Amino acid sequence: MKKLINIPNDVVDEMIDGYVKAHPKLVRKLNENKRSIVIASETRENKVGVLIGGGSGHEPAFMGYVGKGMADGVAVGNIFASPPPDPIVAATKAIDKGNGVVYIYGNYAGDLMNFGMAAELAELEEDIDIEFVVVNDDVASAPNNEKEKRRGIAGEFFVTKVAGAAAEKGYSLKEVAEVARQTNNVTRTMGVGLSPCYLPQTNEPSFTLENNEMEIGLGHHGEPGVEKGELQEADRVADRLVQDILNDITISKGNKVAVLVNGLGSTTKMELYIVFRRVEQILAEKSIEIYRSYVGNYSTSLEMGGCSVTLTKLDDELTELIDAEANCPMYAQL
Amino acid sequence: MIAYTTDQYKQYLYDVIEMIEKEKDYLSDLDRKLGDGDHGVTMSIGWQAVKEKLDNELKDEMDGGEISKVVAKTFLNAVGSSVGPLYATGFLRGSKVLKGKSELEDQDLFEFWIAFGEGIKERGQAEVGDKTMIDTIDPFVQSIKLQKDSQSFLHAMDNALREAEKGMLSTKEMISKKGRSSRLGNRSKGFQDPGATSVYLIIEYFQKSLSSVK
Amino acid sequence: MKKLINIPNDVVDEMIDGYVKAHPKLVRKLNENKRSIVIASETRENKVGVLIGGGSGHEPAFMGYVGKGMADGVAVGNIFASPPPDPIVAATKAIDKGNGVVYIYGNYAGDLMNFGMAAELAELEEDIDIEFVVVNDDVASAPNNEKEKRRGIAGEFFVTKVAGAAAEKGYSLKEVAEVARQTNNVTRTMGVGLSPCYLPQTNEPSFTLENNEMEIGLGHHGEPGVEKGELQEADRVADRLVQDILNDITISKGNKVAVLVNGLGSTTKMELYIVFRRVEQILAEKSIEIYRSYVGNYSTSLEMGGCSVTLTKLDDELTELIDAEANCPMYAQL
Amino acid sequence: MIAYTTDQYKQYLYDVIEMIEKEKDYLSDLDRKLGDGDHGVTMSIGWQAVKEKLDNELKDEMDGGEISKVVAKTFLNAVGSSVGPLYATGFLRGSKVLKGKSELEDQDLFEFWIAFGEGIKERGQAEVGDKTMIDTIDPFVQSIKLQKDSQSFLHAMDNALREAEKGMLSTKEMISKKGRSSRLGNRSKGFQDPGATSVYLIIEYFQKSLSSVK
């Protein structure tokens, strides 16, 4: 896989460098830690801080979602590797306005340990209250009765969106965490992979597939899926993804949802809209209302091919928060 | 026995660094089957950062505790990931045992590796059978614990390594329960866990280091 | 190349279908022509219409740039094929508010003919005044003394941005066209391709490259570039692209520019920011001020790998227009 | 000569449709060397749309002018692209010649193809030597024009096709000046222009159609 990079081990630092130079009015890097990025403008006094983070390679996630109405800070890890505690703590200190910070991250061993250690440090040394929101929207990663084992994938976008909007609206620490957890509870994602990604350092494909195969329920770090299947038409793929979600969570006639059709990297917007078209048909048949749609690369796996479908069941509170304005370098909503 | 000096300990760390560079593709290959394919990359990034410290800041450091602490912090901050906290906690716990010491007796070595292994286990909250590095490190720790009061460390190491190897190999037939590969369920069978492998190599190299001293 | 599609010949219609269903508050398809999409909200009376269009396969261009502050309508062609006159005329009629419509399209034989025929029809049959803005920012496609032969590529984003903002601000037909042409005059793009794209119907690679090769100055429909070169580090690629631009247009110390580092499809945002980083270094060395940066997939070539760099030299008027708010399904700016 | 009926004209159009399906990969291959690789795709989309019209709306249509007009509009709207306006203008200009006629005499055929070729040339504004379909169609038109008052159309066609073929083949050694491949400069040398090829096939098939009538 040819890549436009310099030295493989430098990609993350150089990306961050380019990122903060590209958007100096929106984000800045902390002097204290080169892997901590925070919102450039002063945030409102007393506002609850929202901190996101995780491995790199998912851009725009997570780095791209720092901004008004979204996260106040991000800790950036190596590719597909949780950030260590230091950048998390540094960002925590920078964004705390006295009312604590909510950590949002995916349910991965590495993130759990690193964010956990960081929270201990922040609470002990800096007396900052921390709340955890662990995202686990990936239906494929464990059965319904073992939800606590599920991974966090594209649905983290909605969780961040809601938490960011809630914090902006003046929710308290507990309330922000609560509504973010609630969003996670009503969010489900199911993905399919068509082609692998390549780590810059190894340049090896994350999995191998025959020409007529796809990986169903793959991880968003190129981890193999739960099942290989024959590549099918987009409509059949969408059927499968939506069915798996609806088998897992009750969304009924008259319910409102937000939909995210997320590209994993090299899949074109054309394809994503073709998949969305079918998702809309299925939901319309069931009289489920799509309140708002997001179609594009919201959480990628380097240049992996494929997509995921996320549904979030909306109540009135979530609807309002999903609708709120947001302004980040890689995502803006009016 | 002749005491193990912190110079020898540092040489051991250099040996591990060299070994990781040799094995990194193998470790990434294992992780590609089960996870995100980066275990060799993370280990290499971490140990190269440690090398930088050994070459500079730790050049004249003789306190085994201080060395271990710097190794722990450096590794953690360079790596993050799952293995960052795991190995870092191992070295951090070990550093408490070695604090203030520049010559390590058998007793210190026993305690260092017990603290190291227990630290990892506590951090990861995984059990034997979950298909993680615990499957290597837990039987290893159990074995040296049992031999602690009756054997030389080198001798105990021989037995413990055999247990560790068995543990490492047993991960092949396990179904993942922790870490990235747990989603694979049955598809995880047949592949050896990368973390179980890297930690085996790390303790195996300690035995090599010890033997070369004798 | 595996694609998430149904029937290859249906991809454009299905994409449009998905697109308008995903963003009903922002865009709608005309009943008169299934390849004409216009802004969903009523635009201000007397506002000059801005119409864009071209082949599909460049998403978010052009379809994605319909919205307040950008285009009022788009005519969507087959993949890499100009739309025929009918959807152009239909969209023209729908968006004309009595003060005429500006057509913005790239300098391609097909677009010139089809938009030209459409303008004749719109003027003759509907008495709508039309102004043409033909974008030709691609430095590689012809030498400086044959600028009229140059193609339009990613720079069309800036031209559309400026025209949309000008129309929104109440500029007259001639003024909108004038400032858009002016933007085109001070815009230069240079691109590099690392991997080909595949038309759904042929599923053949648009070009073949060895593992260590790149196409310099490629067309944004997968046309071969002007020159094959050895794949280099991102910094050297950026050096080459920026140098070719600065050899073509005088941008001096103290000048202000807008920068677009555009991904062609499968190149990650990580790589684009690494390229941006170097672009910023080069310009900083020359004391050229980057006023605003855009990094991402703004004009793709299906799943092609590679990127382009665009520089637009800004005066005060362009600065203000580039800064204006925009709200489209695939791009929003606050 | 026996007059050429609009039924035979429609059969000719069906033959073109079939031919395009056979040749579409070849045409796309040529375009891949010089342009965006879709010439076979655009031609196929356009002619398949024409087929749909022939099968339905035009089933009972006997007016050659009407048929040509529908072909022109259908092709244009299905295709867009460069060749949409070019071929559409050709058929539209031809339709004026055939208007109201269901049996076509030699004179009609001469005029149809002259109008067809001149229409394309006017639309595209390309010159001979620019490496486009003009390199095929211009010598073809020149040749039938010269023979118009002295030869049967079939005979004239034989000569004109030879000129067209020469023109088509000459595009191989040309440097592109119009269309997508113009950016290639010298790199465009050595490849035959796809549009010059498709238009050659289209006129060649008309000769075949005529010959089979005799």
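Couple of notes before you dig in:
Letters are used for the chains, namely A, B, C and D, taken in the order the chains are written, and counting of residues starts over at 1 for each.
Basically, a contact is a pair of C-beta atoms (placed from the backbone, for glycine too) under 8 Å apart; a residue touches a chain by one contact, two chains touch by 3 or more.
Since the model is a prediction, treat every value here as computed from it, not as a measurement.
If subunit A is left out, touch-linked groups of the remaining chains read B | C, D. The greatest centre-to-centre gap from subunit A, using C-alpha centroids, is found for D. If you average the Cα atoms of subunit B and of subunit C, the two centres end up 54 Å apart. Inter-chain centre distance (subunit A to subunit B, centres taken as mean C-alpha positions): 32 Å. In terms of their C-alpha centroids, the spacing between subunit A and subunit C amounts to 29 Å. Each chain pair that touches appears in this list: A-B, A-C, C-D. Contact residues of subunit C toward subunit A in the complex are 2-6, 11-12, 14-19, 21-23, 56-57, 59-60, 64, 194-195, 211, 214, 231, 233-235, 237, 259, 265-278, 280, 290, 293, 295-297, 300, 302-303, 305-307, 325, 327, 330, 332-334. Across the interface of their complex, subunit D is touched by residues 9, 55, 77-86, 108-110, 113-114, 117, 138, 140-142, 149, 151, 199, 201-202, 204, 206-207, 217, 219, 221-224, 226 of subunit C.
Put simply, subunit D touches subunit C in their complex at residues 25, 28-29, 32-38, 40-42, 44-45, 76-86, 123-124, 178-185, 187.
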